[in-house]
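Structures for review follow.
Paired with chain B in one complex and with chain C in the other, chain A is shared by the two complexes that follow.
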Partner chain A sequence: MTFKNKITHIILIALSLLFIMPLLMIFSGSFENQSQLIENLEPLFNSGNLENKAKWHAIPMYPTLKSYVEILLDSPEFFIMFWNSCKLVFPILMGQLIINTPGAWGFARYDFKGKNALFALYIVLMLMPFQVTMVSNYIVLNYFKLLNTRMGIILPAIFSTLSVFIMYRFFKGIPNAVIEAARMDGANEFQIFLRIGIPMGAPGIASAMVLGFLEYWNMLEQPLAFLEDKALWPLSLYMPAIRPEVTGGYLVSSVIILIPPLLIFLIGQKYLEKGIQASGLKE
Partner chain B sequence: MKMLLKKSRKNQNYICRNNKKSLTGWLFILPSLAGVSIFYLIPFADVVKRSVTEGMGSEFVGLRNYTTVLENEAFLLAAKNTVKFMLICIPLLLVFSLLCGVMIKSIRGRADIYKTAFLVPLAVPVASIVLIWKFLFHENGFFSMLAVNISGNSIDFMNTDLAVYVLIVSYLWKNTGYDMILWIAGLSNIPAGLYEAASIDGAGRIKQFFYITLPNLKGMLFIIFILSVINSFKVFREAYLIGGNYPHTSMYMLQHLFNNWFVALDIEKLCAGAVIMSIVTSVLIIFFKNSIEGGR
Partner chain C sequence: MQKKYVKALISFFIIIFLLTILSRGADSVTVAAVKVQTPRRGSINHETVIEGNIEASGKSKIKIQEGFKIDTIFVERGQSVTKGDKLLYLDKEEIEKQLSKLQVEIEILELNKQSLELQTYENIYEEEIKKAQIVLDRAVNDRNMNIQINGVELENDKRAVEDAESSLNLAVKQKEKQDAKNEELFKKNENENKRLELELQLKRNEYKNVEELNEIGNIVYAEKDGIVDEIYVKEGEKATGAEVMSIIDTSTDYIFIGKTDKEKAKYMKAGDSVSLKLSGKTIPVDNAEIKSISPEPEDSTVKITVILPENSNISHGMKATVKHIYSTDEYPRIIPIEALRSDMSQYYVLAVVEKNTVMGKEKTAWRINVEVADKNDTFAAIGFIGDEEIIIKSSKLILEGERIRVEK
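Moving on, here comes the complex of A and B:
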């Protein structure tokens, strides 16, 4: 039994290493000297089969912060894209918080005619791939003259039904007795939502926000289709023409792109797991 | 009489309160519903209408737009690639993530660190790791080097039919953690008593897995399958950042095609395509749900 346990641990450690390997590679690479990077990675930029293959040192041969200094001090366009991402992600999450939290509460705590059918529609919408909603979005954005604006990305994303669904699961789990008790005490429906729903459903709201942040920080399809003006592009579309001479800067920017979602992930892993579980609970 | 009156008033009160309550429910939902209607439902109705009419005008053309799409060579290629990709990667993902989940569930001691490792890819932006995929899969990259050492021949994953494997690997890397968490939730719901009873009856761990674990996970399978399908559409991100608008043909996915139609403002095809996709997705959901519930 203990032997079996050990074997399982070993397999899991090996798999875990495999999964985090790309991250370790980006981090170690970002501290490598540019000329060493050129030497290591140049074969990747040649077509045709070469004798010597590309290399990646686990620990930088000549560690340096030079690439970091270059990106942080000398590349304004990178920072514009960074802010572009923030200007999309935070308004979206804000909007979801304001609109979808009460929406989820309404679905979870009230019964009314047509509710079940409506909620089923929300679930189907949540499962539709972007190809389906793309042309619908285009028609609306065109109608409201929102194409090629940030609002054109933000507004449809706010009304994504996935976050309603996730918060719904958590609001549904609040015991009825608590709410009835508050009603007895004379609280009105809106007070109940504010004073009981929001505090008790907070883990659900956090889960929806963590999942949302990861989703929208990496959002690619929507800005690619609807933002023609590259000055508005977010970091998820950051794709410089990688040449051997700029690999250092590229790796540093990769690390910087990665830091916000990684922090959110490490802080909110518990909520991420809960959110994923909520997305999988059956109706 | 008095009694009756009292009762009816009580009833009335009840109905009144109930009506008020359902009205409050609507009020909570209203902002969300308004947005969903404006940005998704109403325009989708328009899309359905446009899919059976001619581009600018309103002339009814029946299913002509649909036959155009279904006979379109690029559509057939993209659909074939997408389906082929799903047929390979979704079963792989389901089995692999289940195995990981079972392993994590079975160990004693801290399992959180493993969960973190499997989930971390979800947080990694695709743009960050394009160079890593290139390093691994390029003709002069890591796997090719391994192949040279083993068989003497190099492999080029990027510009041959093997390109789809780049997507499969990145899909598995990205989604194993997500599915694993769902499987673990499913595993936790299986009553421990079932296993105890089985081991008293002398069933080994393998037998327990096939006769207790798997049947009890059936309900979970539906939702994990659907979510995996949805997430598989997102593999376009990798394909786009690695290969651009026109990658190697084996990597050409439906989203590439839709983007290219979009650039050409080919609204008729886009509308018909969107309706086809929504039908396929709905049928998939219904069919898979029924087949699992029927098997119970």
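Moving on, here comes the complex of A and C:
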């Protein structure tokens, strides 16, 4: 390893440490004693105290599992919200798999009238932030009487344009020769989609699913805007406001909330890489 | 590697699922189970129980003169006696001594009385006046004669008349003074005489009683039918002049006498009917009536007297409890006393309110300050409240805002 490489390594390690710092802080803080946390974070909550700054110990001063016990054994509402999140995210992903995969295949493999205009509309919608479409969403959901229901969140999310766009890129990357070969072997259009499209576009589908999971697991605006009934709220709304006396619980919940996306990411990592490789395939 | 992550994810969901069940279980244990009730119309009963004793209203007191020695006591406490039964035998010697002593005292008193009656009330100044009058008359005559002879009043005559007049005036004044003194003495003696007369009468009566006692063989007999209530002396002891024995008349009425706090007695009034339970008896006497409620001067208690119906099979000295129930007018809202809570000096109740939370529709305890119009050991009449469901019982201590589980 050359000297230059060593320097680069050191800089990268330093930078990655910087990026991973918030995660480490959450993790170490979740084992900290609640009263110690209040003392450490007091300047954050006391706006009048400008002289002192909040402190954070890399290793907890008084390590305890009390916050974990409180969240895992004494907070049924945490689990209700966890399962609420699952009830939203998994139907959305399932719906996207069923609706968006053929959609993306259609855009990628067939030519039809108005295809470009429709695709352009898709991209425009994809670029729009939620806040722009919120009011129109609200009106439509109200019309269909879907406000304050899970379907009010699930249905708009199923027809998300982002996953269509991602899968479109992957399906587009499948060589025409492969499709033609299948056709010559007598496969019909559905068989081509099922036998050629899906396996070859799997990395793209997986990428869309992983990205979709991360997006919907963390969604805040949609449930806040469309779900009035707190019993339907997902886990992302577990910490709407941080109060000093419950910081321990919040840190623990952050750690637990983090686990599924992390595992999903690790599971989907290979597909993401393959996807990136696949996206490099050009005729 | 990927499989490992899939396994980890599946394990994570399984653990979360188990913890969900566990936390739900823990939650159901920690959430207080409560029983609720809406306030209802009703009156408040104030029950007062007073302990006391049964006493006979009519008692004969047997008194023996001071100094007499009790030789024998023929009866025992609780024994029934009929008129003429022997009660006590007194020592003969003491009585005879007493008789002779009384005789002497009577004689002395009689002598004193006689000497008072013989006293006279003379006034020596009456004679003095007569003498002065004669001197004056003579001086006036002398002066008149000299005026006729000489034609003028002589200086000596004039002075002699004046002297005689002043002597007479002095004598009159002294007589008046003596009269007043005599009158005072007379009145005094008269009073003394009356006093002696009364004393004499007392002594004679005393003598008569002792003599009668002596005549009947120094025995004290029962004057009425009754039951021996109390004997205050023992054989061989000397009487102090106070009561030696009390006897309850057979025909007497019985009363209950008890004491209680003024505060407890505030719902009682004379004429109220009460039920009385005698110690050791199971059937209460229902138609007893409060005769009087009088405050005791030495403390903050009151004395309750209850008249008992006839034929109640009651005897003097029995222990008993009287139960009095006062029922108020109907209040619009009464709640069980367990539902009433207090914080410093403020009374409040915890009502059930439904809240929309993450856990769904949850019931929580909600504080309502109330005013207590009246209460007893079981119910409280309250104001400032509607038809809310009030927590009357809970499986554990609950505070305002806490989640609760309502049990039917």
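Observations, loosely collected:
Going forward, the second predicted complex is superposed on the first by the 258 of 283 C-alpha atoms of A that agree within 3 Å, B and C clash if a C-alpha of one lies under 4 Å from a C-alpha of the other, contacts with A are read in each partner's own complex, and residues count from 1 in each chain.
Note that in this section a contact is a pair of C-beta atoms (placed from the backbone, for glycine too) under 8 Å apart; a residue touches a chain by one contact, two chains touch by 3 or more.
Every value quoted in this text rests on a predicted model; they were computed, and no experiment measured them.
In the three-chain model built by superposing on chain A, chain B fits alongside chain C with no clash. In the superposed pair of complexes, A:I267 makes contact with chain C only, with no contact to chain B.
After overlaying the two complexes on the shared chain, residue contacts for A:L65 are found with neither chain B nor chain C.
With both structures placed on the common chain, the touch criterion links A:L235 to chain B but leaves chain C unconnected.
Touch counts on chain A: comparing chain C and chain B, the chain ahead is B. In the superposition on chain A, A:L155 makes contact with chain B only, while chain C stays out of contact range. When the shared chain is aligned, chain C comes close enough to touch A:P76, but chain B does not. Once the two complexes are overlaid on the shared chain, A:A14 sits clear of chain B and of chain C alike.
Looking at the shared chain after the overlay, A:V178 reaches neither chain B nor chain C. Once both structures are overlaid on their shared chain A, chain B and chain C have a minimum Cα-Cα separation of 15 Å. Comparing the two interfaces of chain A, the one with chain B and the one with chain C have residues 264, 266 in common. Looking at the complex, you find that chain C touches chain A at residues 2, 5-6, 8-9, 12, 16, 19-20, 22-24, 26-27, 30, 356-361.
On the side of chain A, the complex with chain C involves touching residues 72-83, 229-231, 233, 256, 259-260, 263-264, 266-267, 270. Put simply, chain A touches chain B in their complex at residues 5, 8-9, 11-13, 15-17, 19-20, 22-23, 25-26, 29, 41, 43-44, 46-50, 52-54, 56, 98-100, 102-103, 105-107, 109-113, 115, 118, 121-122, 124-125, 127-140, 155-156, 158-159, 161, 164, 189, 193, 214, 217-218, 220-221, 224-225, 235-239, 242, 247, 250-251, 254-255, 257-258, 261-262, 264-266, 269, 272-273, 276-277, 279-282. Across the complex, chain A is touched by residues 21-29, 31-33, 35-36, 38-44, 46-47, 100, 103-104, 106-109, 113-132, 134-135, 138-142, 144-145, 148, 154, 156, 159, 173, 176-178, 181-182, 185-186, 219-220, 222-224, 226-227, 230, 233, 236-237, 240-241, 254-255, 258-259, 262, 267, 270-271, 273-274, 277-278, 281-282, 285 of chain B.
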